[in-house]
Amino acid sequence: MIKRQYDSFMACDAEYGEARLVLFGAPFDSTTSNRPGARFGPGAMRRESFGLETFSPYQGKDMAGLKLFDCGDLELPYGDAATAVDIIEQTASRIISDKKIPVMLGGEHLVTLGAVRAAAKAYPDLRLIHFDAHADLRDDYMGVKYSHACVIRRCHEELLDGRIFQFGIRSGDKEEICWGNSHVKTRFFDFEGLGDVVEEIIRDDCHVYITIDLDILDPGVFPGTGTPEAGGVSFKELLGAMLNVCRAKVVGCDLTELAPGIDTTGVSTATACKVLRELFLALRV
Amino acid sequence: MIKRQYDSFMACDAEYGEARLVLFGAPFDSTTSNRPGARFGPGAMRRESFGLETFSPYQGKDMAGLKLFDCGDLELPYGDAATAVDIIEQTASRIISDKKIPVMLGGEHLVTLGAVRAAAKAYPDLRLIHFDAHADLRDDYMGVKYSHACVIRRCHEELLDGRIFQFGIRSGDKEEICWGNSHVKTRFFDFEGLGDVVEEIIRDDCHVYITIDLDILDPGVFPGTGTPEAGGVSFKELLGAMLNVCRAKVVGCDLTELAPGIDTTGVSTATACKVLRELFLALRV
Amino acid sequence: MIKRQYDSFMACDAEYGEARLVLFGAPFDSTTSNRPGARFGPGAMRRESFGLETFSPYQGKDMAGLKLFDCGDLELPYGDAATAVDIIEQTASRIISDKKIPVMLGGEHLVTLGAVRAAAKAYPDLRLIHFDAHADLRDDYMGVKYSHACVIRRCHEELLDGRIFQFGIRSGDKEEICWGNSHVKTRFFDFEGLGDVVEEIIRDDCHVYITIDLDILDPGVFPGTGTPEAGGVSFKELLGAMLNVCRAKVVGCDLTELAPGIDTTGVSTATACKVLRELFLALRV
Amino acid sequence: MIKRQYDSFMACDAEYGEARLVLFGAPFDSTTSNRPGARFGPGAMRRESFGLETFSPYQGKDMAGLKLFDCGDLELPYGDAATAVDIIEQTASRIISDKKIPVMLGGEHLVTLGAVRAAAKAYPDLRLIHFDAHADLRDDYMGVKYSHACVIRRCHEELLDGRIFQFGIRSGDKEEICWGNSHVKTRFFDFEGLGDVVEEIIRDDCHVYITIDLDILDPGVFPGTGTPEAGGVSFKELLGAMLNVCRAKVVGCDLTELAPGIDTTGVSTATACKVLRELFLALRV
Amino acid sequence: MIKRQYDSFMACDAEYGEARLVLFGAPFDSTTSNRPGARFGPGAMRRESFGLETFSPYQGKDMAGLKLFDCGDLELPYGDAATAVDIIEQTASRIISDKKIPVMLGGEHLVTLGAVRAAAKAYPDLRLIHFDAHADLRDDYMGVKYSHACVIRRCHEELLDGRIFQFGIRSGDKEEICWGNSHVKTRFFDFEGLGDVVEEIIRDDCHVYITIDLDILDPGVFPGTGTPEAGGVSFKELLGAMLNVCRAKVVGCDLTELAPGIDTTGVSTATACKVLRELFLALRV
Amino acid sequence: MIKRQYDSFMACDAEYGEARLVLFGAPFDSTTSNRPGARFGPGAMRRESFGLETFSPYQGKDMAGLKLFDCGDLELPYGDAATAVDIIEQTASRIISDKKIPVMLGGEHLVTLGAVRAAAKAYPDLRLIHFDAHADLRDDYMGVKYSHACVIRRCHEELLDGRIFQFGIRSGDKEEICWGNSHVKTRFFDFEGLGDVVEEIIRDDCHVYITIDLDILDPGVFPGTGTPEAGGVSFKELLGAMLNVCRAKVVGCDLTELAPGIDTTGVSTATACKVLRELFLALRV
């Protein structure tokens, strides 16, 4: 009669074996260069999800019956980025090899590298769709290669030219923007052209990993992040773009850079939960 | 020479007898299911109103000369929702029987039930216009019938089918949304169709109660509420909708769910004050 | 290999069957008369416990090997105090009938009533030791009998005269203090005389329930509570008093009134966790 | 039946004519040199006083029956210190000439100057007892004479040598401390010697004004002030000292430098209210 | 080898002699009538600028190579507005006489008066372009002439009729709005007509001072200000308007009313920094 | 005439060549295991120092005339602890070789390792006096050797047995406490025995490095730190202990673990500044 309670994201109550979508947290933020705190993102989202309905009026779908498994947060060593990325890669690889889709919650954006490596090995045709305020294309940051500011550059080393598509970018240094011109496809400020990219991916029958740095949202609606950049997209724009991408064969995804303690109103965390709910529903087959 | 100061909403300095609009606070939030604190809404608005001009450039009107009376906050028993609703009903009934318009500041949304009951008894043709992020149509919440999550369902028991019009709804569970389809008229996400509803009410010469759950606003502009929902309306959209409704014979109204302590910037409280100022000016005859 | 993580208080990883101490949260605060938010106490403590060592230099003991079970938070209906108290009583009764000790985390102080009722039924000789800033002896609060401000008065209805011992009280209205003079034993401001009370209880071989309203602590070291009262005891004084009581046969205990959101520094939550760790270690046989 | 509510400090419900103690707020902080916000002190205290009992277990007295009048906050011009001080002096003079005791709530410490001027004119033998972390004895601050940092120096111009007694001082620049050695009596860090000073004042049958800069309290228990200074006194020490002074003929008093917005926990405001309650009860004849 | 670090706005590392743009802070907020704290604006912006890239994807320009000098914050006397304005005027005059452009960071809006006086003396044909939520056209505020609420009225005394152009105004009292109708050109709510004004100024070859009260931004994206007004412009709208003005001969400019402590998320400060970066780049010749 | 301002700790205006004490910030917190943010400590202290007097009534000394140089913050790579420690060691070595005393402001406690390595190389007889709530004696933390939780263990590798003296420790895991018993001298909870240790060091004419983890202070007076531990020492106790140590030949020192953003009241930062002022004055020859 007295049973242990689980503290998982709402409705994530399937067993691992039966789940198709597997959620895990990657609470790492040791390379954050501005305000840290993204390590607390996944835990905050699980708790906040209590206040969110399982039904989406946007998609007309309910999470009831979705086969989701939430395996909690990984234990990642503070201050050792390479090991953290390795642990993430192993976890994502295992999930993928079990024919499931990893859904990762950061943590800083560097954590994406582990999951993308896992996906790239499993799906040689992998495309990376990247929603972010920042280009994250530096070769190093203050000498450090494993940095949130370099994560897409590191992903490029896995995927090579022409397979990374950035949207919503509104910040970067001159050099990385210049490098990006030759190696990735970058759309500044908004999602224009996303539909065409998705169409092409569908036509080519490629697999897609989507990484969403939540600071793509306008800081007015998402202040809870370490490096807020004025002039971002609205929740509805992000939702539309996300649903657009989910028409393709998404084999992995993540939401990163929620630093819940920065926004004591709880709005940023609640918004991240809603994005995740919509993502789950959109990934439903 | 030494006189007592009143701490009322700006310009609410008429005597009760001469006032046409009567403001009162209903500082109750015992059934709040997420972050509590709406009990502090009315007091915070009175204080914040100091920083607001009495003149509205939106309507080109000034509050000077408006006959407003602010009778302060009701004493409502913490944890006893039924009694709280009764006290509110009695207060609103008295105001209405004195040929005045009650303007109530919540508190949580449950407080609306008391005022709507009073108005429905006085005006048998009453229509309820409901601006909110949440449908509030559950029959009970964790077994509790007098809950903020059920308030419009309880109002429906007074008003019956076809007389409740919801706008801006963007959250609800599947069951209540389904129930709502048969019993109330719900517009999701925005105010489309509001003009037609108001026209019809005017044509039928019906009385209107308008209840505004301030969380209809986008959490970017109104984070100070217990259950923020991404994707809300802007201040200007709410203002437009409110002025639209005020063309009809409004006999009661309320603003609810400001939880001022959640938004330490004061922006949510200031915005609520501005909404109230515009409401007062729009209700001016 | 991919397993679900538990989010329990540190080291609470025993199975229910083997546990001697059973922790549960009672996240209820609907009757709070000042700043609400104690509902978030148990969850915040579980998360914060991550940062606390299992070893106590105060007692020279470690939590490793302690048979603790954390069954998470009860689901208590917002705004329905009587039902909430009933659910708590049932839970505590079950734990007690299984020969275990319930350790409850509030929530507001009213939750104590349910657990004390369960203990009083199981142990007819029960003594209640009460650490608090407030007397909590009112017969009703604004007409409400099931209120945090009346909880010890309600407990008195179970235990009758001479079996309730209050310490650290520094606030109360005149009437309740007067009533208390005839019915309970109250020590104001500090713990003087506690040793004698404990000695007597041990001598009489009685069972003890200890309820700790954490606002007995000075607000300087514990600001995260709804009704802070200047002039409280220090952490070390509380620790000493608690260890003193644990010499007797404690059959139930609780910590209440941590409202973690009020103290954004996290200090109040961390302090509550440390009190709980020391309590667990002191209850170890 | 529908009456206007007053928002006064608890129990301050007498009419002006019958009151012996008259409370007023002086919400001015334009010369604050560090964190401003003391202007919000009086209003915050009135609201917070709701959560405080009228009975004091320290003095065994209740505020019921005390003849107190709260005339609200003065309207003081932002940025015009001389005018603000004048308005305060006029208000205090009127209260004193009506045979009542002014009890002023700051605002920054400069406001004391107005009240002390009024008292010094009415009582030529006036002694000033000054509790503070800071000496406030500078002749000017960045060229400004009417500054919080100079307020006791300005008071000295009214009272002259040997009639100002400072306690608890733990900050000052070298020059002002040096000046103070010849003109006022300063006790650093604590209240040692206060009893003797009070005895002497009683023996000489002099009138006393007591000004309490609340930052005399340790920032651990009173963080809500613009210039916190580590190493202050405890609430109990302040309470003891205050009761000590109230044995003499106190003809005016003030509490200053609560900046409530700096301490979002509300502890500082609650503590200030408790100090005020004890002061009221101690001043009771 | 061990050198002193400068704490200046990013990239402002030129020597004064070679600089064309000279930044200085005016940390004054003594006349603020609502929430103070703008005094901390300039310092907060310098620190926050660390997290901002020097490259602007909006203008395709980089700050590298810009000849900027940041001379830090002026020392302005708290509570003495006239002296503060004088010091600002002297500083701005010196910069202008050195053939440089002063870029001032407030502080409250009153600081603009000093810089506009300096510019008006140097450039008799000066036009003032004013972006703000508030008209700031009162003749006095509670009797005070040197008040943030009167700053544009005071500027009008320098510039006279027809040379002040306000945009985005959404708050004012009836009298000042009425006065403004005859003396300045006011556009409410947005920037409509700005292009025509700029064209005319260019055609007439006049010099321009642009003062930006950052509260013109919507409080959703800029909550960190003392008197937030719902319904403001977006970052992109402000950016567009600012670039529009910079087509003319700008000889001085300021950003005012950032009160960083009000917005603990840091978003308001980061946004102000981005506005400043874009302003610097737009002023580049 | 227009000169650049320095943003240094108060009174630190000497040139490097003439200074005897050299202050530098080590803004690194990548291995913090609980709440990060210590990276912002040094900058916050410089700004806050504006509100602090240069005169100490505790020591009767003034900072005027002290030859201090503040070289600002080091640029340390986020996420690369080994490199960060190396940069710190090089900086401290250079200062020491220039016959000056390095005074370092953390940052997390790991930064101490760099400075202690520099001091140990220069002074083979070096003793380390360690004030802290935490033992910091683990061999690794989640596999990481360069961690704040291991810093004194790493220092022990430089200094070996019997030369490290810990005071105030009130937290640690069983294993590290056990290890400490054989290798360092640990005093739990307070400073008892410090005088004897200092006497012995003076008698043996040894050099001393003192590292102060500010979380030794009670969280009531110093909440602004990542891992607060109830039951710490008071400001006065720390001050006394610090002055005690400064009787010996201190050749290096640091203050660490202020995370200013955690304590929005500013009290923790102000307290850290006061500790630093007293340390500077005590180190004065």
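Per-chain numbering from 1; labels A, B, C, D, E and F assigned in written order.
In this text, contacts are C-beta pairs under 8 Å (C-beta built on N, C-alpha and C of every residue); 3 or more make two chains touch, one makes a residue touch a chain.
Nothing here was measured: the structure is a model prediction, and the numbers come from that model.
K.L.:
Note down the smallest number of touching-chain steps it takes to go from subunit B to subunit F.
P.N.:
The distance in steps between these two chains is 2.
K.L.:
Please identify which of B-D, E-F or A-F repeats the interface of B-C; the criterion is that more than half of the contact pairs agree.
P.N.:
A-F
K.L.:
Report the inter-chain centroid distance for subunit D and subunit E in whole angstrom, where each centroid is the mean of the CA atoms.
P.N.:
39
K.L.:
Which positions in subunit A touch two or more other chains at once?
P.N.:
33, 35, 218, 220-221, 264 - these are the residues of subunit A that touch more than one other chain.
K.L.:
Please list, in label order, each pair of chains that touches.
P.N.:
Chains touch in the following pairs: A-B, A-C, A-E, A-F, B-C, B-D, B-E, C-D, C-F, D-E, D-F, E-F.
K.L.:
Report the residues of subunit B in contact with subunit E in the complex, numbered from low to high.
P.N.:
50-55, 57-58, 62, 64, 218, 220-221, 234-236, 239, 264-267, 270-271, 274-275
K.L.:
Taking the complex as given, what residues does subunit B use to touch subunit C?
P.N.:
Touching subunit C from subunit B are residues 29-33, 35-37, 39, 75-81, 83, 141-144, 146-147, 261.
K.L.:
Spell out the residues on subunit D that touch subunit F in their complex, using ranges where they run on.
P.N.:
Touch list, subunit D to subunit F: 33-35, 169-174, 177, 188-189, 218-221, 223-224, 227-231, 262-264.
K.L.:
Over in the complex, which subunit B residues touch subunit D? Could you list them?
P.N.:
Touching subunit D from subunit B are residues 1-8, 16, 22, 43, 46-47, 69-73, 91, 94-95, 98, 264.
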